[in-house]
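Next up is a structure, given as structure tokens.
Think of it as A, B and C in the order they're written, each chain with its own count starting at 1.
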Amino acid sequence: MRVALFVTCVNDAVFPSTGVATVRLLERLGVEVDFPAAQTCCGQPQFNTGYREETRPLVRRTVRAFEGYDHVVVPSGSCAAMVRHHYPAFGPEAAALGPRTYELTEFLVDVLGVTDVGAYFPHKVTYHPSCHGLRMLGLGERPRRLLEAVKGLELVELPGAEECCGFGGTFAVKNPDVSAAMGADKIANAVSTGAGVLCGADNSCLLHVGGMLSRQGAPLRAVHLAEILASTEEEPFA
Amino acid sequence: MSRDSRERILSRIRSAVGGAPEAPEVPRAYLSRHAPEDPDAVLDLLHENLADYRAHVHRTDGAGLPALIGRLLEERGARTVVVPDGLPARWPAAWAAEPVPDTGLTATALDAVDAVVTGCALAVAETGTIVLDGGPGQGRRALTLVPDLHVCVVREDQVVASVPEALPRLDPLRALTWISGPSATSDIELDRVEGVHGPRTLEVVLVRGPV
Amino acid sequence: MSGIFVGMPAFPKAAREAVQDGTLRANLRHATHTIRDKRARAVAELADWAELREAGKRIKDRTLRHLDTYLIQLEEAVTAAGGTVHWAADAAEANRIVTELVKATGESEVVKVKSMATQEIGLNEHLEAEGIRAYETDLAELIVQLGEDRPSHILVPAIHRNRGEIRDIFREEMGKWGRQAPDGLSDSPAELAEAARLHLREKFLRAKVGISGANFMVAETGTLVVVESEGNGRMCLTLPETLISVVGIEKVVPTWRDLEVFLQTLPRSSTAERMNPYTSTWTGTTDGDGPKTFHLVLLDNGRTDALADEVGRQALRCIRCSACLNVCPVYERAGGHAYGSVYPGPIGAILTPQLRGTTSEIDASLPYASSLCGACYEVCPVAIDIPEVLVHLREKVAGQGGKGHRLEKAAMKAAGWVLDRPDVLAAGERLASKTRTLHPRKLPGPGARQWTGSRDLPEMPAAPFRDWWKKNRTGDDA
């Protein structure tokens, strides 16, 4: 099977390791991965901040970049939700990309039909389901099932897991105090689990939460789900 | 002025939605009832739900009813009881408390009465609700509002399972009061406590057979 | 809407103060979490919740599509049942109508059932200026009124107060308004409720005029519906000789049967009960029972503006249950006052800017008072897609180009230009990576505080992903 990786702009520029992990994971599962170089950003930051016209060229670019691929895999629930839920507003061609776009855990569980991806990650992990994956895509138990099948991994429940971490795109800078207060509660909950790793499937949220963990010197690091799933006994990743 | 505003508002509405697509018929795929089609189970459900919201629920038959009401009034220390028109006369005859007929009592006069005894129009099992419509044996709305104790008699043939079953049996042109437990509030820390302005004690008597 | 909360700062600034108030944070956290879990249980009891939600949404949509027809039908039915219908285009007109009606009775005081519409138009303040004293009778409204405070929640306007604060307000203020608080009043909710009962009873018993809102108005029968818990609503609707109900035009539903949906979804969504303790329905006046005179004041006050907006009009489906406030992580931290309106929380953030417009600083900031997490949409019993409307209103605000938005638009355009050119983007990414050792994790200066005030910047990677791909999968060196 040949799929296109939509790495997302945040991962490309700031978290390339998540992109690398996604490639390694998919290849290990026998998937042939392409990276169409014409891709940049799905346009969600512009769209959600109220700049629909500024979003339009990015939608056009994204649609063209992934023309001809039946499966486009995105290691971000938020960007996948943008394509699936908001692209239809930009015309039929854009709408057609939605059904071909899969958030990483959807692709693994629904398309490949695997929950045990052969990963090894000997750490205590707690999982934060990011809002757009949780509510707009309805990822449900997929991420947890994948994590539970990882050898050596101890998954502990995050209290208040379904509460927003406070990132929210430009919300984080337009309402910095509320955003930080939400993030602080998320971190306190994560620390209370005793886990060493706070796992998420959206690096934009982890940028915010990880930045706070780092500032507070918390005994916890933020790691993208793809990096845990890419990790094996032979080749530890994250 | 109000006349002009009427035309202004209506015309603003028409220009706001005039070009909007037609709104289709409402799908009513929801259930007409959740409870099973079993009268005993429905009665039990009513009992359970009334009790869950702190109504005191009792069961009896027609023969035992007047004495049971009398006992409840006595236990609550009610010395005077307002009696709405149409309440069976043999009921008050069995009570120690003094019956007070509703002769158009003022609110202040009602405030000095200890209790009220009524029937009801129907009861809804799934929500633990009794509905009063001012019919015989129920009286005007103030009677079941001002006194601090309300004893309400529900016949088993007055019990319906659900809200969708209740509405068609009620007359919207009558003033209705739906009562689900005694007066309560969630206004302090969103925590529920019973007993504010309405009757603080609600005794519900479920009666099998004719009254 | 009238000029309530005049001079409110924009949301972020008001929220900053709230976030720093430890007592407020604790009060809100406690209350919202209590009700959140209860609501989830109450909703889970109904296997057909999704169908009820869909029906509720569609009933409201159909009503709004033919609002003129239903309002005329309602007017006819209310009039036929002995009521009088008045139409108020705005707050000033509604206040004037109510004042004249009260003055015509010769009374100088009224008792009020909690009503969002009368708060929205600032009725109490208007009556006060006309020499008429309005007594709020809902417990939370009483707390707000006695404390000379502002409401901060739709269902529980005093949610920002804890039991100890409420006890102090009752002890200090009740005596100035009537019967004083009992000696030795404790902070137990039951004792506080009892104090309110005693304080208000004398007012109910002598009241000649009651003022209410309504949760629903049934067009086909002319019936009004008030859903409540305490019995203060029943007192105000039943004991006075004159009843005046001020109701937003969007509160109409077409048929009596339609109530079967909302009487199931509203209580479970608001107080998490199968049914609220008291629901009153009345149609005009009833001989020998309740008020002899009934006036219905139908209020527009910006609603037809919202109705004209094809995305925004869904906000008019709102049945004021407060479920969206109770689950909102932003509301929980910022509190209701930060929204600068009687409608706080997610629904307020989409309703207020539509009713009042977006010309003031506070109103223009409301569409941004959300992380778009979608929890509000998930719990809404009439399926208002609040995030969708928020984004739509952001477009409007950005389009009007106010403070900060011109700069933001330029930045968005510039970013868009780069993002539409992968080679330029890659060059930028490489530059950032090459200079990464120079990047501090905390930026100085006021512009950067918004991010780095609480969070470190991430370490920039050695190279962007696209370079790794080129090198490792295409054999080219970047």
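Everything below uses one rule, namely that a residue touches a chain if its C-beta (ideal position, glycine included) is under 8 Å from a C-beta of that chain, and two chains touch if they have at least 3 such contacts.
It should be emphasised that the depicted structure is a prediction, and the values quoted were computed from it without experimental measurement.
Taken pairwise by the contact criterion, the protein chains link up end to end in a single open path, with no chain closing the loop.
Distance from chain A peaks, on a Cα-centroid basis, for B.
The highest number of C-beta contact pairs joins the chains B-C.
Comparing per-chain C-alpha centres with the mean over every protein C-alpha atom, the closest match is chain C.
One inter-chain figure worth recording: chain A and chain C are separated by 33 Å, centre to centre, where each centre is the mean of the chain's CA atoms. Separation between the centroids of chain A and chain B, computed from CA atoms only, is 53 Å.
Each chain gets a centre from the mean of its Cα atoms; for chain B and chain C, those two points are 29 Å apart. For chain B, no residue reaches two or more other chains under the stated contact definition.
Shown for chain A are the residues in touch with two or more other chains, of which there are none. Chain contact summary for the complex, chain A toward chain C: residues 7, 9, 11-17, 19-20, 23, 33, 35, 37-41, 45-52, 54-55, 57-58, 61, 131-132, 135-136, 162-164, 166-184, 207-208, 210-212, 214-215. Taken in their complex, chain C has these residues touching chain B: 27, 30-32, 34-35, 46-48, 51-52, 54-55, 58-59, 61-62, 64-68, 71-72, 81, 86-89, 93, 97, 137-140, 143, 155-156, 158-159, 162-163, 166, 189-190, 192-194, 196-197, 200-201, 204-205, 218, 221, 223, 229-232, 234-235, 237-239, 249, 256-261, 263-264, 267, 271, 273-283, 286, 288-290, 298, 300, 304, 307-308, 310, 313, 326. By the touch criterion stated above, chain B contacts chain C in their complex at residues 1-3, 5-6, 8-10, 12-17, 20, 22-31, 34, 49, 52-53, 104, 107-108, 111, 124, 126-129, 134, 140-142, 145-146, 163-164, 167-168, 172-199. Residue ranges of chain C in contact with chain A, taken from their complex: 11-12, 15-16, 19-20, 25, 329-330, 333-334, 367-375, 377-378, 391, 393-399, 408-409, 412-413, 415-416, 419-420, 422, 425, 429, 432, 441, 449-451, 453-458, 460-461, 463-469, 473.
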